[in-house]
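In what comes next, chain A is part of two complexes: it sits with chain B in the first one and with chain C in the second one.
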Partner chain A sequence: MCDQTFLAITFGPCDNCSQNKPLMNIYLKNEPINYCSLCVELMACQGLAKGETTNTLKAESESLKAKLEEERAKLHDVELHQVAEKIDALGQFVMKTRRTLKGHGNKVLCMDWCRDKRRIVSSSQDGKVIVWDAYTTNKEHAVTMPCTWVMACAYAPSGCAVACGGLDNKCSVYPLSLDKNENLAAKKKSVAMHTNYLSSCSFTNSDMQILTSSGDGTCALWDVESGQLLQSFHGHSADVLSLDLAPSETGNTFVSGGCDKKANVWDMRSGQNVQSFETHESDINNVKYYPSGDAFATGSDDATCRLYDLRADREVAIYSKDSIIFGASSVDFSLSGRLLFAGYNDYTINVWDVLKGTRVAILFGHENRVSTVRVSPDGTAFCSGSWDNTLRIWA
Partner chain B sequence: MTIRSDRDHGQRYRPRMSCLKKLEATVVQMQDPSTGVKGTDQKLNVTIIPHVITGQDIVAWITKNMNIDSDEAQAFGTMLVAFGYIYPLQDHKKLVLRPDGSLYRFQTPYFWPVQKWKAEDTDYAIYLAKRNIRKKGVLDAYEQEEYNKLHKWMNHKWDFIVMQAKEQYHAGKARQKADRVVFDCQERAYWIVHRPPPQTHSAMDYGLDRHIDPNAEEKKTYDYYRRIIIYTQQAVMRSRVKSSVSLGALAKYITTFKNHDPFLVPCLPSNPWQTDDDSYWELNTPDVEIPTKMRVERWSFSFYELLNDPRGRADFKIFLKKEFSGENLAFWEAAEELKWGTAASMSEKAEHIFKTFLAPGAPRWINIDGRTMGLTVKGLEHPHRYVLDAAQTHIFMLMKKDTFYRYLKSPVYKEMQKKAISPAPHNFSEAQLQQNMRNRRPSIDPIITWQKEQEEKAKAEAASGPKVRDRCMLKMLYLTSYVHMTAEQLVPIICIATSK
Partner chain C sequence: MARDMSDKDILKMELEQLQKEVKNTREPVSKTAKEICEWVEAQSAEDPLIKGVPEDKNPFREKGGCIIT
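Up next, the complex of A and B:
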């Protein structure tokens, strides 16, 4: 596995202002330099030099984009389905609903698994966040948020807290308690603060940091204890709807997808956008890393899911069918990465063979849009949340 | 149900329009006189309604023309009904497609959802008022409630609304009975879609508006292009690999993990979600005494898999203890804690790490090259979250490329492989499955598990005291060859080491 970000220098004196800051690795006249994010921004906004006009800059950007495509094409020697020819086809699948979790009074918008492989947290439009033991279908904790449309929720790695947020523009962390009668809202900690709705949040490797994405077009990394902003990520030109952390050994990158049809890969330490993919035809609703961390899948309103390879730096597969015309709201991989589960706005869940590009199963059962699909940490089941107020566990 | 006067069902936003346009194309095909769905005349109450189609015909047509299963065809048909392109004549409030003899009709294009005019509250008020004029008490309870709300809300326009309602009512009366009945059905169907009855939902409900309008053109000033240039330049210089290499790696990953994917190969003894027996989880807890063979096999796939599994990491620690090289992993763990820890604790942790692992004569000194050591020590003067990145990566690569492979060949690992258990697959009868379902066991709260783990960790840290002094001396000797110090420079360091 090749995580190039760890090879770069990411902290030290900026080549321009000499202050010790997180550094972005960029090129000035084909020479590599390390600038802090402020100097990069100043460089972008400095006035036009002699002989430069908006049109010359536009032409330069176009030629660079063409060069990038050329470089990408040079190494494009094989298609995914050709590689897949040597792999056996999958057999028939029998996936059934094993549990139906009823209890939300309104649309279920988001859910997340606990590392103990059986508990989940789910959030809904009416502001309720519920922690369930999905195996026994018992509700263990419930929190009522002061806002509606709680679009993001996440379970902490330790299993001791949950984070959630939505129309309140904030991400709050609620430490869970063993005492069932305790009011969890009393110990709530307000961590993130955006200028528009919170679309997605995720803990990093510990309970102490949260990564959030927002409708204001930015992502941000926060320190939970102090609520301090550690790093912000600018580059999307429209709402960011989803993010996912890389499962790599070095754990330094994450991918985000937004309404500007772009999926961006970021270096968490410097805030730099290191890779960007813009092949979708409409809003990207969900992004998820391949289990090895070398690729990621996206689900979009253009009714397709796509697979992007990070090392080859291109889109390698499109999962679509003529009969599927409604957007995919959520995607997730099975443990080995062979199956891609995608929830759609036409109330169905389609299961795709990642290598061969074919659909292996279609699952019915929900009575409204499927808003979220997540595979359990040990891959034994996946959970789907829907606007029909229920969650279903499939295995 | 709230009344929002700006409810335009996102028609100005691309995503909604594109899927509706595709539905429209299919509906037009379905209405083709020769190749479309065959309609008949049906008698409803006293009138004869023309062009009525049955649910099963719709499903059959979709199955044939779109080349899909009948289940999927039924789901697709339900979408057509939910969006109002086809409406049911019986049980008109439930917008689903029944694949039997239930009767449906195509909606007139005037009432299709892609039309540019919004389903405004004014129109809804006129519709309800018209029905009220026709016959009092014909409105459903929820409609009556809406009517009262609208009456209050639009009191200032009420004369206009009543006037419009009366005009439409008279215009309707002038039509032929059959046409009037058909039009009433169509209009009613339209409003069921846009103002769903209680306990139902409208397919037109798309959720929240996106904050930034995707149709708005972004202003392209010179800094917009500059940013693209800065990004694209570094993207061009980025190294990439051949597709064959990276795609081959993806395929290899899948093949390696195939037997471990519960969706592809059943997990042993059985999938707890399928049989309601949680033995699989009991056998695979993070601190289990004897792990399963599958789990032990998984540790050999990559160093990352070994470290990620707490049981695997514990086994690796046992191996390292035997080799007296536990400091590498300890440093890596400490660096992880620094990276992911709270901002407040950072400088304290950094100092602790320096004293324990990096300072000359440290009790658990790690062996990294001079350059990295220099960079790290310099960075520690002003510690920040990523100050140990270079050193951590170096140590990680060292462990990954050397120690990991020695571990896999070591007696520690081989013994674990022998001891590991291979549970037999469950074979429950129907009755046993029923019983399992009744006796689903709850599990320990993760908070308790976490507290226990923290206690164990604290105990372990207290137990590992400072290392033997002789080890320090040995390390000093290494230091001479590495850092090229003279004897004079070494003397004060050795003095500090011996004093420990």
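Up next, the complex of A and C:
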């Protein structure tokens, strides 16, 4: 009697190429996979770990996320507002509009303070970028950009230049001259080139480098003189809407937030994504570092602002109320980090006690969405820009 | 860039990122929250928006009327 070995061959659609072929039954990571011999060879050539389909990747991703949450939860032994119970509550808050800057012909989208604590640059939907003196409300410079929706603008640390960009996919730097009659547009220097709109830009500690974020899902670091790309940061899976650099004492990192609901912390030198947080339920519109550099806040379309602690690697506070249903477009901290100013799409600015998690004040005044909120460098006032074409200085 | 990537590439990117992050060192919230509170307390004394600025020193006070002599 001879042994009869039967080789059973299954015939059917391949999991990979969907063609009807003789299939090789492979078990990869304890899961039966049916690939035709051609696909098995292709897989080997592509150098993929065997058995990587979208489903297996997703499953692994989910299990890692669960593990990450577990690790983070182990250290979640107390809430921030519990630790803050012993701290005195803040007194009555009285803040009012001290200056109204009128002059933009359309929605104000972004603004930035100069380090001299007095000048402000603002950009608007109509393509105009204006430099104001906040004490006197005079306009010092005005530039017309070749594109509309100038969503990003920033003042150089020296106060001698401004950077701006938007739907033109570029970030351009305009040196400011003392001669008011000089045509600023002539001296424009295009620094950054993205493949989609520019959502945010910021100078690093010097006038020589600019960090940009874009609707194309990336952030990038550029050299201003040469326009060269120094480092690019990939990791977001959708538009990046905002970025903020760590305060200079704490090192070379920055945080970015975007439409993928994630906030990522990056190392500027290596281009690596160091930490990432995904607890918001909708687009993150704005991110801002805490003055000490150990935490950052985010404002999102889910109507909440949240505080994330970098050393504890988790979200430690949510600033929300049932009565607030409109998204927060912009956030900033006061000098000590005790107050969080947040501008919302319901035309108001809410002031939150960062440590206790309670709302300290609501500021009314704008007649349309508040698009940007920034505290002045010396902390004496903050400025808000809105879709009602004006900027207001509150103190 | 993110818009051009296939779903599979995006998932791979996220997976690599998660694998790195699981290895990060973390500190307990009780410690970090306390440090944040202490930092704020120390800085609050100098925060103009909290302690207030006397009207005569506030550069943003209402502009006074003109006096013509």
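Going forward, the second predicted complex is superposed on the first by the 335 of 395 C-alpha atoms of A that agree within 3 Å, B and C clash if a C-alpha of one lies under 4 Å from a C-alpha of the other, contacts with A are read in each partner's own complex, and residues count from 1 in each chain.
The definition used in the following text is that a contact is a pair of C-beta atoms (placed from the backbone, for glycine too) under 8 Å apart; a residue touches a chain by one contact, two chains touch by 3 or more.
Computed from a prediction, not measured in an experiment: that's the story for all the values here.
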Query raised in the report: Which partner, chain B or chain C, touches the larger number of chain A residues?
Result: B
Report task. Once the structures are superposed on A, label A:Arg98 by its partner contacts, choosing first (chain B), second (chain C), both or neither. Result -> both
Requested in this report: Check whether A:Asn138 is in contact with chain B, with chain C, with both or with neither, and answer first, second, both or neither.
Outcome: first
Requested in this report: Could you say whether A:Gln209 touches chain B, chain C, both of them, or neither, answering first, second, both or neither?
Outcome: first
Query raised in the report: Which partner does A:Thr218 contact after superposing on A: first (chain B), second (chain C), both, neither?
Result: second
Report task. Scan A:Ser336 for contacts with chain B and chain C and give back first, second, both or neither. Result -> both
Report task. Based on the superposed arrangement, let me know which partner A:Val129 touches: chain B (first), chain C (second), both, or neither? Result -> neither
Query raised in the report: Which partner does A:Ala297 reach: the first (chain B), the second (chain C), both, or neither?
Result: neither
Report task. Could you give the residue numbers on chain A that contact chain B in one complex and chain C in the other? Result -> 54, 57-58, 60-61, 64-65, 67-68, 71-72, 75-80, 83-84, 87, 90, 95, 98-99, 118, 135, 196, 216-217, 235, 237-239, 260, 273-276, 290-292, 294-295, 309, 311-314, 316, 334-339, 354-355, 378-381, 393, 395
Query raised in the report: Once bound in the complex, which stretches of chain A touch chain C?
Result: 54, 57-58, 60-61, 64-65, 67-68, 71-72, 75-80, 83-84, 87, 90, 95, 98-99, 118, 134-135, 195-196, 216-218, 234-239, 260, 272-276, 290-292, 294-295, 309, 311-314, 316, 334-339, 354-355, 375, 378-382, 393, 395
**Report entry** Residue numbers on chain C that touch chain A, as the complex places them
**Finding:** 1-3, 5, 7-8, 10-15, 17-22, 24, 26-37, 39-41, 43-44, 46-50, 53, 58-62
Query raised in the report: For chain B, which residues are in contact with chain A within the complex?
Result: 14-15, 18-19, 22-23, 66-69, 71-72, 75-76, 78-79, 201, 205, 207-208, 210-212, 214, 218, 220-223, 225-251, 253-258, 260-264, 267, 271-274, 278, 280-281, 284, 303-304, 307, 336-337, 339-344, 379, 382, 384-387, 389, 393, 396, 400, 440-443, 445-450
